[in-house]
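For reference, chains read A, B, C, D and E in written order, and residue numbers begin at 1 within each chain.
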Amino acid sequence: ACGASNESDDSNSGSDGGGDTQELSGELVGAGASSQQAAMEAWQAGFEGEYPGVRFSYDPAGSGAGREQFIAGSTAFAGSDAALDDEELAQAQERCAGGEVFELPNYISPIAVIFNLEGVDELDLSPATIAGIFTGAITSWDDPAIAADNPDATLPGTAITPVHRADDSGTTDNFTDYLFQAAGDVWTSEPDGEWPLPGGEAANQTSGMVEVVGSVDGAIGYADASRAGDLGVANVAVGESFAAPTPEAAAAVVENSPAVEGRGEYDFAIELNRLTESADEYPIVLVSYHLGCITYDDQETADNVAAFMGYVISEDGQAAAAENAGNAEISDALREQAQTAVDAITAG
Amino acid sequence: MSTDTQAAPPAATPQEGPVRVQRKLPRYAPFGLFAGGVAVGAALSALTGFSVISTVVYGVVLGTVAVYAASRAVEGRRKATDRLVTSLVTTAFGIAMVPLVSLVWTVLDNGLARFDGQFFSNSMYRVVGEGGGAYHAVLGTLIITALATAISVPIGLMAAIYLVEYGTGRLKKAITFFVDVMTGIPSIVAGLFAFALFTLLFGNDFRAGVMGAVALSVLMIPVVVRSCEEVLKLVPNELREASYALGVPKWRTVMKVVLPTAVAGLGTGITLAVARVVGETAPLLITVGLITGTNLNPFDGRMATLPVFAYYQLTQPGVNEQAFLDRAWTAALLLIILVMALNVVARLISRFFAPTTGR
Amino acid sequence: MAKRIEVSDLNIYYGNFLAVEGVNVSIEPRSITALIGPSGCGKSTFLRSINRMHEVLPGARVEGKVVMDGQDLYGSDVDPVDVRRQIGMVFQRPNPFPTMSIYDNVIAGNRLNNKRMKRAETDELVERSLRGANLWNEVKDRLDRPGSGLSGGQQQRLCIARAIAVEPDVLLMDEPCSALDPISTLAIEDLMTELKERFTIVIVTHNMQQAARVSEQTGFFNLNGVGQPGRLIEFNPTEKIFSNPDEKATEDYISGRFG
Amino acid sequence: MTVTKAPTEPPAQQRTIRRPGDRIFAGAARGSGIFILLVLAGVAAFLISEAIPAFTASSEEIPGGEGLGDYVWPLIAGTLLGAVIALLVATPLAVGIALYVTYYAPRRIATALGYVIDLLAAIPSVVYGFWGLAVLAKQLVPFHEWLDDTLGFIPFFAGPASTTGRTMLTVGLVLAVMILPIISAIAREVFGQAPALHREAALALGATRWEMIRMAVLPYGKSGVIAGAMLGLGRALGETMAVAIILSGGAGATLNVISNSSPSTIASNIALRFPEATGLGVNTLIASGLVLFVITLAVNMLARWVVNRRADFSGAN
Amino acid sequence: MAKRIEVSDLNIYYGNFLAVEGVNVSIEPRSITALIGPSGCGKSTFLRSINRMHEVLPGARVEGKVVMDGQDLYGSDVDPVDVRRQIGMVFQRPNPFPTMSIYDNVIAGNRLNNKRMKRAETDELVERSLRGANLWNEVKDRLDRPGSGLSGGQQQRLCIARAIAVEPDVLLMDEPCSALDPISTLAIEDLMTELKERFTIVIVTHNMQQAARVSEQTGFFNLNGVGQPGRLIEFNPTEKIFSNPDEKATEDYISGRFG
């Protein structure tokens, strides 16, 4: 009687094509990265369509919080912009009845270098130039370094306002990781979720970043490519050419990156290849994982997690997410790999 | 300064009247002078590069100075001071209107897009992209706020009563002092505290609306105590004595004489306290999280609330960004309407009880 | 149900300030006792100590005994609320409840104590009390209006009506007529004379004619100097006080000037 | 009801027996007061126990690698700076508004005007944040430049002026708007209650409206204004989301309120870092919360000391 | 500097309620005028309309003229503040400023006009005013204590001191002695007699002996019934009023009972 009009059991369930809704019940609780929130909405909606009996919730509390809650056992799975470190891995295994942990790179999204410069729509930037801009070494848009990357462009003398994230974020972590690996001497700070340099213009969340870059002529920042909107998006030097942050290029770089060494059978954490020279790959990519147990204490949770992860990596699931969040779909190779983990989930 | 302001100079006495009517500015002179000041201010700001803010600032300053100077010259120091304060006080009100209008305009401008039936009847259950609504979040906010109010108002009001009617010595001092300290607890810390408390009591995976209500209560209680205390202090002792002298026990005196006399102020205070917490995001983010469906049971499971809903819609939109932003602003608009409605209810209640003042 | 009140060795303090010292007096039942004396000598303070209203002020306290029909009102087993229920009071400054209508003000003593009464009963009580206080005609058409909209004298009479509506055994009145016109004063005096058939009445007044007119016993308070405590100088039948007082101070005060 | 003269001898009330109703009611009132103290003690205990690891950790382990002191110091500066700006701007404004509503505005619309200001309290802090970011900050850019140009010699306005306006000054102003309704609502209540008796006494002496207010209203309402200001200050010190959204924070301690490198505030820093924080990071954030707690304590002690110096003449009763 | 006040066709309203109707009277300078009449007939209301204190109440207004030495006090160019500065007032209920010391209360009015008085001057003024109000001896040792800690009568005398400290041309007193003992009353009466050499004094009193003692002119207010406006029934030299009034109503009222 008190439900929302779109929640009544009979009206909606299974209406979108799935046909055979399955008999699962109970709860499925996850928490973690907010980066995948938009994709998660799509996954949740699709999953709830197929399994109307399961009460699903995902708390976009942040990757760190997600990992902690998972380890503490208060959630069944976590979303995380970073793979578990060794210490966390040990704790996670303990939480998983002493068994194995899965880490699936299910959300892949290119990070765009966004800019707002009157009269300039196209911009190519090399890693060293980007780093120079963000360290404050390059202060004006007509700097020779930028001109060298863009021989054909007419660049104004506008001052550059570099904008970084004020909050601790996966986006910053990946962006600084890229600069650290690709920019050579120009960038010396260790990669970190918190912006490592003092001072400068800082903005909260991707939305703050987009707002600030959008409001200041001469501003430059970095954000999830799907959120760039009307802002200029720079092409980033890859080898001899410049690549745009397309989903395909992002998926490609993930597929071709090596796995992290010495992890479990179902732990597919990867070491992103930031130094790729392939023109089809875009190196500034954020990968957000789903973390969970291979063995759960109870059957219900195991079934629910398996069903959810199965849906997420399915073509339907990936397509739904891509449509809502603008991220890259995982490749077939990654899907097959992930499927082995999903199949292995049991209770015990 | 002191010598030339001595009393009203008899020189300033015009016509025959016995009341030493000092010369007076004509009725509309202050307005005219003020307008003149604003005009000069506009000209000045045009010289220095025209902008709305500088025009207003220069204008108000010059207008005020013009009125003061003219009044000072014609009517003397006291009258001039009076006019100056009138200008200042009116300006203060005007200044406050600027952000208010701007804020309300911003919220209305952005929030009316989705102010439709669907928004009130639908939740976000299985909604991707466009559509959906905040039905679940509205109910969540109402339930959690009601719960927080139910916790905070009795405790806060009783504590205020203690402070005003019973308190003595150290305990009173301690409570007054620490209630002030409590107002400084950051909302996010309140959330962390409630989270830790419930985790301690009910284990790791316990999540419920009541956690949020407790977090909000930590923020709300000091506001209730402080504002109620101030209002109760204003009830004249005469009335208490009149009641005691009729053989009415103290507690009945408090309940039936003191509280009704102060009810209008209490209403304001409690409304203020509710308004203070109803829009809180951080503590709810930590404690009750967010779900897409409707949960009406505050003792089990996560709940959606309007501020958290708005926050995520604003900060984590999908590709179809506008749909998310629209939902966020409409949620904000709804919050404002909610508090307004509450305000009206409080006024009605107090109108019902309030003393009709006479001499 | 009138009561005899015996006060012995009463000292009354505001914090550390001794305001009234060593009062010994016996107040007869079914009589009117008047208290007179210069301003600030402690008449109000003494009056308030009889029904334990004094102690509601922070730091205020008394030493000594106030015995009503054998029971020490300051005894450790006595509830001040019960004392005040039996000893009513009218204050120097009228203090009707601003949240209540005139009607509700009159029956406040009953209402506030949650006494259930039938509507007809309360109507009757309100009319009787207001008539007693000589206010009925002026307010009978606006009983539902707030009590604070009345003139000063009307307010005072409303407070008198409120006090007699609870039918106490003893009625303390602190200058009840100081804000009243002669007609109302007369009515109140008649009322007192009527009430004393059943009640014990103690009245503080600056109007010595009033004291002479209505009271059987008169007490004269005085103080030796500023900062000194007030004392009950003389307590005697009113006739004697006004014709042939024992004390020189009393005579000086009374002959100084009449009301 | 003031506590000025505590009786040196045992008060007479000691002998007073209380009726059950009174005992229960007084007990409930007292219990509520004590309960509040317990809650606060709970919060303090929580903060302390969670903060201890951060205090005992070696300085390299603290985020930033320079130790807890270096981590928290800029945050303290930022917190105080923002709150002080807010209080300095809001208190006089709120008093002005309250006076306008109670004694200057046309009587018929005065109450309505009061509610209008209350609307400011109804606006959620997230909305303040986005409004500050998208509307106010931009409008204030020229003001920042003007301050830099004309008052740049004062350390507070040393510049360089921010090009986005997302500065401590803007945050202070937004906080001022946020606390305005709190202070003005309480001030309005107490000003409105100033006894007619005393207001008339002043007027009858030939006081102008302002002089009447100075003689009979302000002294009477002083404690209320202070109470409101303390509530407002608490809110300003503890405001989380609005500051997190508006401020371009994260820099070291500075007095400069108009540049784009401001220190963050304690509360907003917690909000910005907490979701991604793990282990000692969490402890450090909570330690900073404890510091804010102590700051609030100190500020209140100071305020109380100032207020109590003339408590004898409190207007109430 | 005493002033003649002429009131013509004055109607006084509280909102829509006509409280006092059609008053025509001329108040002589350098004299004391007493206003008497039953409670609620509008004496206070009329008094407050003379110095424009009436209009501070919401909805309160007047029609008609109050002319002081040829100038209409309700004229559009007259500032009520100036009116009140010259026509001082003492209220029925004492109202010292609770936030000020006794000392500051006395000079509150003077401070307004003259920010910087020499300490010696103010000391002298305070003493003179307090002596005038017969309060000096009682409070001289605690001038720096709050005025609210005094007894009712003391507070009233403090208010009188405050009013005379500004030396107004006209002094309105609303039952100034109703809370005073005979000695203080006598002192205030003496003070009035002294002040009338220079000032015009209007006093409302319920004490007809007081009216007879101190006033030259007496006005009798009455009202025909509840809800009816009060009217000035008779205005005549005091002697005539008390011996041979023109009106039957006056005679009835006066002979009804004395003080």
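Here is the rule we go by: a residue touches a chain if its C-beta (ideal position, glycine included) is under 8 Å from a C-beta of that chain, and two chains touch if they have at least 3 such contacts.
Nothing here was measured: the structure is a model prediction, and the numbers come from that model.
Asker: Is the C-beta contact count larger for B-D or for A-B?
Answerer: The greater number of contacts lies at B-D.
Asker: For which chain is the distance between its Cα centroid and the global protein Cα centroid smallest?
Answerer: B
Asker: Could you grab the centroid distance between chain B and chain D? Build each centroid from C-alpha atoms only and quote it in angstrom.
Answerer: 13
Asker: Please compute the C-alpha centroid of chain B, do the same for chain E, then give the distance between them in whole Å.
Answerer: 43
Asker: Can you compute the centre-to-centre distance for chain A and chain B, using the mean CA position of each chain? Integer Å is fine.
Answerer: That gives a centre separation of 40 Å.
Asker: Round to the nearest whole Å and give the separation of the Cα centres of chain B and chain C.
Answerer: 46
Asker: Where in chain C do residues touch two or more of the other chains?
Answerer: 58, 81, 93, 150
Asker: Considering chain A alone, which of its residues make contact with at least two other chains?
Answerer: As it turns out, chain A has residues touching two or more other chains at 34, 61, 205, 208.
Asker: What are the residue numbers in chain B that touch two or more other chains?
Answerer: Chain B, residues with two or more chain partners: 78-79, 168, 236, 249-250, 252, 286, 314, 357, 359.
Asker: Considering the complex alone, what residue numbers of chain B touch chain D?
Answerer: 49, 51, 53-54, 78-79, 81-82, 85-86, 88-93, 95-97, 99-100, 102-104, 106-107, 154-159, 161-169, 171-175, 177-190, 192-193, 196-197, 218, 221-223, 225-227, 229-231, 233-234, 236-237, 249-252, 254-255, 264-265, 268-269, 271-272, 275-276, 278-282, 286, 306-307, 310-311, 314, 332, 335-336, 338-340, 343, 347, 357, 359
Asker: Give the list of chain C residues in touch with chain E in this complex.
Answerer: Per the stated touch rule, the residues are 36-40, 44, 92-93, 137-141, 150-154, 157, 175, 178-186, 206-209, 226-227, 253, 256-259.
Asker: Give every residue of chain D touching chain A within the complex, in rising order.
Answerer: Per the stated touch rule, the residues are 63, 133-134, 138, 162-164, 166, 244-245, 247-252, 260-261, 264, 271-278, 281.
Asker: Can you check the complex and tell me which residues of chain A touch chain D?
Answerer: The touching residues are 34, 61-65, 67-68, 88, 159, 161, 166-170, 193-195, 198-205, 208, 211-212, 215-216, 218.
Asker: Please name which positions on chain D make contact with chain E in the complex.
Answerer: 107, 195, 197-208, 211, 215-216, 219-220, 312-315, 317
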